[in-house]
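One chain, subunit A, appears in both complexes that follow, with subunit B as partner in the first and subunit C in the second.
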Partner chain A sequence: MFKSLPEQAQKVSVTIEDRTVQVPAHWSVAAAVLVQDMDSTRDSPVTGAPRAPYCLMGVCFECLTEIDGEPNQQACLRQVREGMVIKRQCGARRVLS
Partner chain B sequence: MSADCDLVVIGAGPAGMAASVTAVELGLSVVLLDEQRAPGGQIYRDVEAPGLARPAVLGPDYDRGKALAAALRSTKLEYLPDTSVWQLSRDLEIGLHRDGRARFIKARKVIVAAGAMERPMPIPGWTLPGVMTAGAGQVLLKSAGIIPTGPVVLAGSGPLLLLLAWQYLRAGLKVDALLDTTPLGNYFSAAPMLPKALTAPGYIIKGLKLLVELRMSGIRMLSGISRLTAMGHERLGSIEFVRGSRTEVIPTKLLMLHQGVVPNTHIAVAAGCEQDWDTTQLCWKTRCDEWGATSVQGLFVAGDGAGIMGALASEHTGRLAALGVAYTLGKLGGAELQRRAAPEHSARLEQLRARPFLDTLYRPAEDFRLPADDTLLCRCEEVTAGEVRLAVGLGCAGPNQAKSYTRCGMGPCQGRVCGGMVSELIARERRMPVGEAGFYRVRPPLKPITLEQLANAATD
Partner chain C sequence: MNTEFDIGVVGGGLVGVAAAQGMVGVGRRVVLFDEGDVAFRASRGNFGLVWVQGKGVDFPSYADWTRSSAELWPAFARELEAETGVRLGYSRPGGLELCMHDADYAAREAKLARLSKATEGRFEYEMLDGRALRERLPDVSTKVAGASYCPHDGHVNPLFLLRALHQSFVQRGGRYLPDHGVSAVRARHSGFEVRAGGRDWRCGRVLLAAGLGNIQLAPMLGLTLPLRPNRGQVLVTERVRPFLHLPTVQLRQTVEGSLLIGDSHEDVGFDEATVGQVMSGIARHAVTAFPMLKDLRLARAWGALRIMTSDGYPVYQESKDCPGAFVTGCHSGVTLAAVHAQRLGSWVNGNTLPEISAFSTERFNV
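Now for the complex of A and B:
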């Protein structure tokens, strides 16, 4: 669905849904996920409908993702980091994790 | 809690950057908070990053952000990027969140320069993966140098949509179609405002140049689109549109929607600032005077967050707000205030000359503002427009009651996306002015925060 323009960039290794990939260090988590051709980044807790980032600026909250074990992270506002573990968020969050 | 600083500025876009620099020049201690990792807001997003040939793709206007960011970097203030504001109280106590830790700071004055957000475009299927805003496309381009691969359709109305198509063209990508939903009647209503718009520095010429280049590129551009549907099972597969009497389907995996931008009033609403519904721009605006002073004492707004005005006018209102704040803190007298403010006022007015034309030309059609019954209105809680209409029929009097009846507005976005639509829809159903129908009450925390972080913040 998306590809990156040729640019020199330092890369980091992140794991997205158990797949380890190299992405430019300055990318947001949302950008990293979109380039992997993942259809959706979470399931809506109301009906389970698949959802993906919509606004990419922190307003719509569609990109809620589990990052390094922490749920409800807005992927568009988080920068990738070496060794980051990114997982889709399915269903409602548990109050105590 | 005693004040930590003279002024906290929320938002490091053009208004916030200009306000911060001017405030420091006037002798104030300033803390600048921003959610992004670098200054620029959305319009100048990642302008400091040395990407490959970015100006060549993004256009020369983007460069203005570099000068603003450079001025910011050489100014003595406390700049906190990657920082979310989860609370702004009436007595200007700010709850902020950074690097997994929350804390409070207290300001003597606050300028909220939170900018604009995309106006939602609630078409059937708009929540399918593969449907995004044109703004999202620009963020990917500016901050990561990412462009679509396969088929992409742009649809909607407004200069940003044309700009994105043009930027993609310069990056080597021809979009499959550009569907313009601008109501054809708008061209007639807007025509009388064109002469004044032509006196605004460069706007119209730039727009025309863009259009000519797009037309010459051979991109399929269709106007007068009256209906649009995103279709697919679990992700976008195709879009269907109606133009005149013809219906057509285009297979595509990516649809970028845009019908203008509206002020992001969320923080100001949460702080208790009075809002007004602008019947021309069809959006809520924080009520403020010529300095940006709101109904909450000590709280000012500047930039697109105060009313859509564009990046250049935003700078001027940022400086005016800083001047207003400095005056209320006794840093300068009335005569000096007027002397410094005069050029900012006139520059601002000059930049605004194209607005009546643009606002009229790109006024979105009602069908694209108030969706059909079976279309989702609240994305977070999956509430359809029909459910809200039904609730009104059952006695629901306003947006806050709609929350109880339907859960509309109670999801994670707290009504940022659906708020304006719900106000308009309820006003329409109850046959009253939108201003009277009102807006959601917004309560902190405005951004996700854990109880642990909250508890630690209180004891720090």
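Now for the complex of A and C:
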């Protein structure tokens, strides 16, 4: 969906849906998932419709993602970290994660 | 007097709009005055229980009135959904009140036995000890001694209920006047003048259902109504996959997946603020009873003011000085919505409603 502009940046390794990728260390998790070839990053808990990050500033809650086993993380408000495990969120979280 | 409307209802909350919707449904010309966002708006702060258990233990009329509304609710919900297309999120799986300690459990058992006896067994319930409770709800902590279960109880989304009733009212031909706070009501020869929006509206009869606003309005029609605000605070969590199939008084899961957590009963005047200490008390109590809630995030919280009479029971009273003027108020506008929609119209039309005669304001005159 998105292509990154060329930049010199220190990279970190993160796993997105079991695929290990290199992304600039200063990126948000939302940016990291948007440059992957993914149509959506979560399914709506109400309708099951495919969704992706939208406002990129923490107010729309469309970017809810599972990060390091924790569900309902706002991907646009989290910075990537070496070894981070990022997964699509399918519907609502479970009460016990 | 040449009236524009048969009935003017003051107050667009759940009590006013339910009564108005019922009345316009049987062909009356009804106008509904709504103050607007500056009003206290108890209806938007409601937890959403359609609750029978424990009510009217020492006041059988209230127990019967409540239960009759709960019995009407399933058909009421179906009809309202069909008419408006608004899904109410209503279900009636029965409900639980948790008893944290053995002493609470014994007290609750005694109280409900009394209620069942006073209603000649019409009120049904079941006491669940710790083991039986965790068979029904495995997530309940072993710290909880037990619970009372009542098959008459249910829950609903009160915001969608309010919206559906408003939509139905207008669809049925009612006249809705938002941002029309009522500043005065005057009895005239064979009718009433309601002052709102800069002019007088001529109504044959008037129903005051303005919640705490009735404090100012009732005396204008020769009615005295001792009302006090009582604050409740509610916490709402992020959406979670369905796991809690039975509502309790302090915790329920909505159709969308959020958990609502309450409750508090605070005597703080006309103050709707949320208070950190109270909210953490509510949260702590919920996590003690349901430990798996502890990692859930809160999405929002609110405070709202209940309409509380001195004895906690509703008021239904026609003015003696100004016949044709009626006042009503309660803190259980969700539970009573069905019976308000279907029965109050007849009362406002001048027919005696024996079930509500016990709720007159005369009981406050000692």
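Heads up, the rule we're going with is that the second predicted complex is superposed on the first by the 97 of 97 C-alpha atoms of A that agree within 3 Å, B and C clash if a C-alpha of one lies under 4 Å from a C-alpha of the other, contacts with A are read in each partner's own complex, and residues count from 1 in each chain.
The definition used in the following text is that a residue touches a chain if its C-beta (ideal position, glycine included) is under 8 Å from a C-beta of that chain, and two chains touch if they have at least 3 such contacts.
All values derive from a computational prediction rather than experimental measurement.
Q: Count the residues of subunit A touched by subunit B and by subunit C, then name the partner with the higher count.
A: Of the two chains, more subunit A residues are contacted by B.
Q: Would you check which partner chain A:R94 touches, where first means subunit B only, second means subunit C only, and both and neither mean what they say?
A: Only subunit C is touched by A:R94; subunit B is not.
Q: Touching A:K11 in the superposition: subunit B (first), subunit C (second), both, neither?
A: Neither: A:K11 stays clear of subunit B and subunit C.
Q: For A:V46, select first, second, both or neither according to whether it touches subunit B, subunit C, the two together, or no partner.
A: Touch status of A:V46: both partners.
Q: Based on the superposed arrangement, let me know which partner A:R19 touches: subunit B (first), subunit C (second), both, or neither?
A: It touches nothing on subunit B or subunit C.
Q: Touch check for A:A31: first (subunit B), second (subunit C), both, or neither?
A: A:A31 sits against subunit B, while subunit C stays out of touch.
Q: State whether A:Q79 touches subunit B only (first), subunit C only (second), both chains, or neither.
A: A:Q79 contacts subunit B only, not subunit C.
Q: Once the two structures are superposed, pull the subunit A residues common to the subunit B and subunit C interfaces.
A: Subunit A residues touching both partners: 46, 72.
Q: List the residues on subunit A that touch subunit B in their complex, please.
A: 1-8, 24, 26-28, 31, 34-35, 39-41, 44, 46-47, 49-62, 64, 72-74, 76-77, 79
Q: Which residues of subunit B touch subunit A in their complex?
A: It comes out as residues 35-37, 42, 46, 49, 51-52, 57, 82, 84, 117-118, 127, 129-133, 135-136, 139-140, 143-150, 171, 234-235, 253-254, 264, 379-382, 411-413, 416-417, 448.
Q: Hey, which residues of subunit A end up touching subunit C in the complex?
A: Within the complex, subunit A contacts subunit C at residues 45-46, 72, 91-97.
Q: Enumerate the contact residues on subunit C facing subunit A in the complex.
A: Interface residues on the subunit C side: 139, 238-241, 243, 256-257, 292-293, 295-297.
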